[in-house]
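Note that the chains are named A, B, C and D in the order they appear, and that numbering of residues resets to 1 at the start of each chain.
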Amino acid sequence: MATTYVAELSGVFVPVVTPFRDDAVDYDSLRSNLRGLGQTDVTGYFALGSNGEFHSLSDSEQFRVLEVFAEEAGDKVVMVGISRESTRESLEMAKRAAAMGFSYVSALTPSYFASKTTEAVLQAYYTRLADSSPLPLLVYNAPGFAAGVSVSTRLVSVLAQHPNVAGIKDSSKPGPFQYLAHVDPTAEFAVLAGSASFFYPALHAGAAGGVLSMANYLPSVCVRLHELFLDGRHQEAGTLHSRVLRVNAAVSGLFGVAGVKAAMSLLGYRGGQPRHPFSALADEERMVVAGKIAAEGFRIDA
Amino acid sequence: MATTYVAELSGVFVPVVTPFRDDAVDYDSLRSNLRGLGQTDVTGYFALGSNGEFHSLSDSEQFRVLEVFAEEAGDKVVMVGISRESTRESLEMAKRAAAMGFSYVSALTPSYFASKTTEAVLQAYYTRLADSSPLPLLVYNAPGFAAGVSVSTRLVSVLAQHPNVAGIKDSSKPGPFQYLAHVDPTAEFAVLAGSASFFYPALHAGAAGGVLSMANYLPSVCVRLHELFLDGRHQEAGTLHSRVLRVNAAVSGLFGVAGVKAAMSLLGYRGGQPRHPFSALADEERMVVAGKIAAEGFRIDA
Amino acid sequence: MATTYVAELSGVFVPVVTPFRDDAVDYDSLRSNLRGLGQTDVTGYFALGSNGEFHSLSDSEQFRVLEVFAEEAGDKVVMVGISRESTRESLEMAKRAAAMGFSYVSALTPSYFASKTTEAVLQAYYTRLADSSPLPLLVYNAPGFAAGVSVSTRLVSVLAQHPNVAGIKDSSKPGPFQYLAHVDPTAEFAVLAGSASFFYPALHAGAAGGVLSMANYLPSVCVRLHELFLDGRHQEAGTLHSRVLRVNAAVSGLFGVAGVKAAMSLLGYRGGQPRHPFSALADEERMVVAGKIAAEGFRIDA
Amino acid sequence: MATTYVAELSGVFVPVVTPFRDDAVDYDSLRSNLRGLGQTDVTGYFALGSNGEFHSLSDSEQFRVLEVFAEEAGDKVVMVGISRESTRESLEMAKRAAAMGFSYVSALTPSYFASKTTEAVLQAYYTRLADSSPLPLLVYNAPGFAAGVSVSTRLVSVLAQHPNVAGIKDSSKPGPFQYLAHVDPTAEFAVLAGSASFFYPALHAGAAGGVLSMANYLPSVCVRLHELFLDGRHQEAGTLHSRVLRVNAAVSGLFGVAGVKAAMSLLGYRGGQPRHPFSALADEERMVVAGKIAAEGFRIDA
């Protein structure tokens, strides 16, 4: 299987949001969104990621969310978020994901004891996970959601040699450029850009694809950007990249998941609300999102 | 009940560690430690706090830990950690704590979406918790365990007016001095110092007590420091404070929970190991801890 | 001389502000302020510190400011800020301070290359300064003005042994409690609290005095707090500490030097304006400052 | 003149280091380096930047350094660093740079009072500078050298409209991608990448060029990367980008200016030493630098 990581993980992944209604998970809206996304050319889904607010769900809610994915994924590749603070708990989730028939798992760096989470601690965590997980593992590097904890280039280059480590999803501010330069190009190791801010530049530096919050509301635009790159149409791609970047800054950048959900509702998906203590956008915030999408000329695209 | 918060929360609380053996919770050692602590004059326990590695436990492990507390707490005051990222999950824990007969609950600031966790979000979180929790609530402010998220003095002064908010446990680096100055002195609101670094100075500034990792291994020393303060023996207290501070810096400061567990094992308690991916101290690290405890002249004290 | 450091540095120091008018240094107002402060019981002055906006002055302006201090200091102890990024430049300032007859120099940690400013770099800096400075040196620890760079407790305990190191002025958020615990109590080494937030608690932990921005506008209140401590009147002191802390949070805390200057103008001193690009408080901000001073019952006190 | 900014600032700029010998500026080595660089196809120089350790030089040393630039610059474009904490001091430097016949000035964000340096303060600073500077201004955004202070995309888009603002040099970790997306493409506003980490990806996103520490020791390699981009040879460029990035991470990334100086000495330039309290690389550190340069197959290139 190792020979297929980069090929299988190329293109656009959707970090699918979890819609809420009256603070309860709205499984019907989730199902509806997956059916819509299923008709686009995105490569796959990231289930139970940050945009999925996995950290605000109970274990039983997480399991029900995964069931909806299992029923609706079709031929899309699904990577399942298994992020927990202890290796033991993360592995339990990996086993469940395998039992349900998914393809990959992805684990964020532990970060509760941030100042003690050294490179050695992260190496212990990911090595044991990779050794024992029944599914290939993607490292998830996102210091903004992990108290600043980040995986070093040295550790990534070590993990890239592990046959059960499939790649890294990077959502750091510097982006995955350092990782791309430090990974053996012959290794079967996929680097996925975790933000539309640097998705297109990262493709030029060797990234296989991206996990893009924008793909929740403009999936075909994201796919189009990847296709323009593959076709060598760099002029058009550069222009589309700038439009994408401005919208992304006004949606995820300003408002996070609440912004993504508002944009989904504007563009034909069912975003629902964030879970308390977070709240839906105020009217004037929603107008910022709508205005920016309109200014860049994007419309319902799926 | 409101009239008793400050009186009931005065003195020393132990943020009780969770011992592990072979990466499984060692309930017997936990029970043994509680029996030892039960013979000291500490005021009470903080169950499922940071030192208790609550974030590395499954829900079912957390419930079993609470059962041990219920059986062994005797007349000690128990505050239960209910920290979750969503209000709904935190409230579930609060209800369980009430059903099991505990006295207080304590909730850390949500922090996964740190950059979006504004003062308004924190106010929404704590207000709904306080409104609905069957037990009085202590705010838990610990930016070092919460990606830098911190409760403002303004919000603390607002929450202090809520009849179901009993106080704040502060483990920030600046310590609780600002909070102490901004809380109405006539309010029934207890400020607890979350570190031995500033426990004694904070008493002078109006703190009711402290939740001190050191109380896991030198409980009577911590109690003694409080008693010297109450007795106005400031010269002796100042000297003991300095010794305490130096040991604390070498244990929690350098090594976190792994250091606390090593110190416990040196001083007659059953610290056990941290949970993977963290590990027990190396021999030379343990010698640093032992050397500092000896240098300051502390011995088994319980 | 070494035997007098702690005695000579006890009490309250004023980090004297530099007033500006039309963006030029207003030496007359500086002189006027020093004459007012000269009639209080403050121990001395910190010339060219952060509140003095030394970093915004040209070298020739700094020298003229020092001339005013030389003429107006009377019997007050003057420590001169010599903070530069290179050892060589700092030493040049130290020599000038000595030639002008001042008593102490004080140097902030270099911080331009913050991520490379290791403990070894700081040790090299302070050791060479102490070896070569004609005046005894105070370390100035203020991570908030130094990109987070901070002096470790280990380095402070080493420097405390140097006969030409007189002490440390600490303006960090945690305050000087760690330093106080790690310095040999028999060493002639003065710890000065750099903020009214923890001045009074720090006295209980062994501090010799404080360098307090508040002493620019309420010098006698600060002196009174120190006297109450010396007299063992801890109840009164604790109450005054809380009033001081609330005012300080509303002045320096909210508004920095611009707030200090506004408070000075309200209380009979000549604060002038901050230097561009900073600006004087807006009217509503000045009302916040005035309101808080009034609410705590402080009036012109010098 | 405004119509030439982007054209004139295209390509590679060298942030020229200041060599020291026995802690004194080694003007002869500086002159020698400029003569070597003058034979390459770099577009120009950044004098008195971070790599030039401007912050460790006295004013008179800065003026002598500029004289060497004036004598040796030939037809290269020179931008002069004028970074000071006060607008007045920065403007003084801008006037001097103009009087000496240079082309551009560049100013880092003030940062001493980092927590008070709001967007409004930065706007006041850059607007007054741009209004009054006799030379066109480049904003210098480098939060790593400015206590985390950073220019917002909003402020950049405003400043880009000012006829005397020529562009921005961005050395932030996220890189200039956001700025590139928020600047009106028809404005005469040049975005320069401040690090080899993202120089090549930034060209794809619209950057005009880069100010690259690596250009001190491998100037023609940097120029070659730009040329490959201009020629549309993206495959070759991507490969060279990865080699460049790995070397840059081992030189500037690990060791900062001391690393750049060591690499210069290995590659035929006269790096000299950093100024105290910083020191030259230890032997084993120098071997890391030499080993990485050799491993990537780079040799003396000028």
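To be clear about the criterion, a residue touches a chain if its C-beta (ideal position, glycine included) is under 8 Å from a C-beta of that chain, and two chains touch if they have at least 3 such contacts.
Nothing here was measured: the structure is a model prediction, and the numbers come from that model.
Shared contacts of subunit A and subunit B, meaning chains that touch the two of them, come down to nothing at all.
Touch-path distance (fewest steps) from subunit B to subunit D is 2. Taking the mean Cα position of each chain as its centre, B sits at the greatest distance from subunit D.
A straight line joining the Cα centres of subunit B and subunit C is 34 Å long. Taking each chain's centre as the mean of its C-alpha atoms, subunit A lies 49 Å from subunit C.
Taken as a contact graph, with one node per protein chain and an edge wherever two chains touch, the assembly forms a single closed ring in which every chain touches exactly two others.
Across the interface of their complex, subunit B is touched by residues 153, 173-175, 177-178, 180-182, 185, 197-198, 200-202, 204-206, 232, 234, 238, 241-242, 245-246, 249 of subunit C.
Residue ranges on subunit D touching subunit C, taken from their complex, read 23, 50, 53, 55-59, 84-89, 92, 110-116, 121-122, 124-125, 128, 144-148, 255-258, 275-279.
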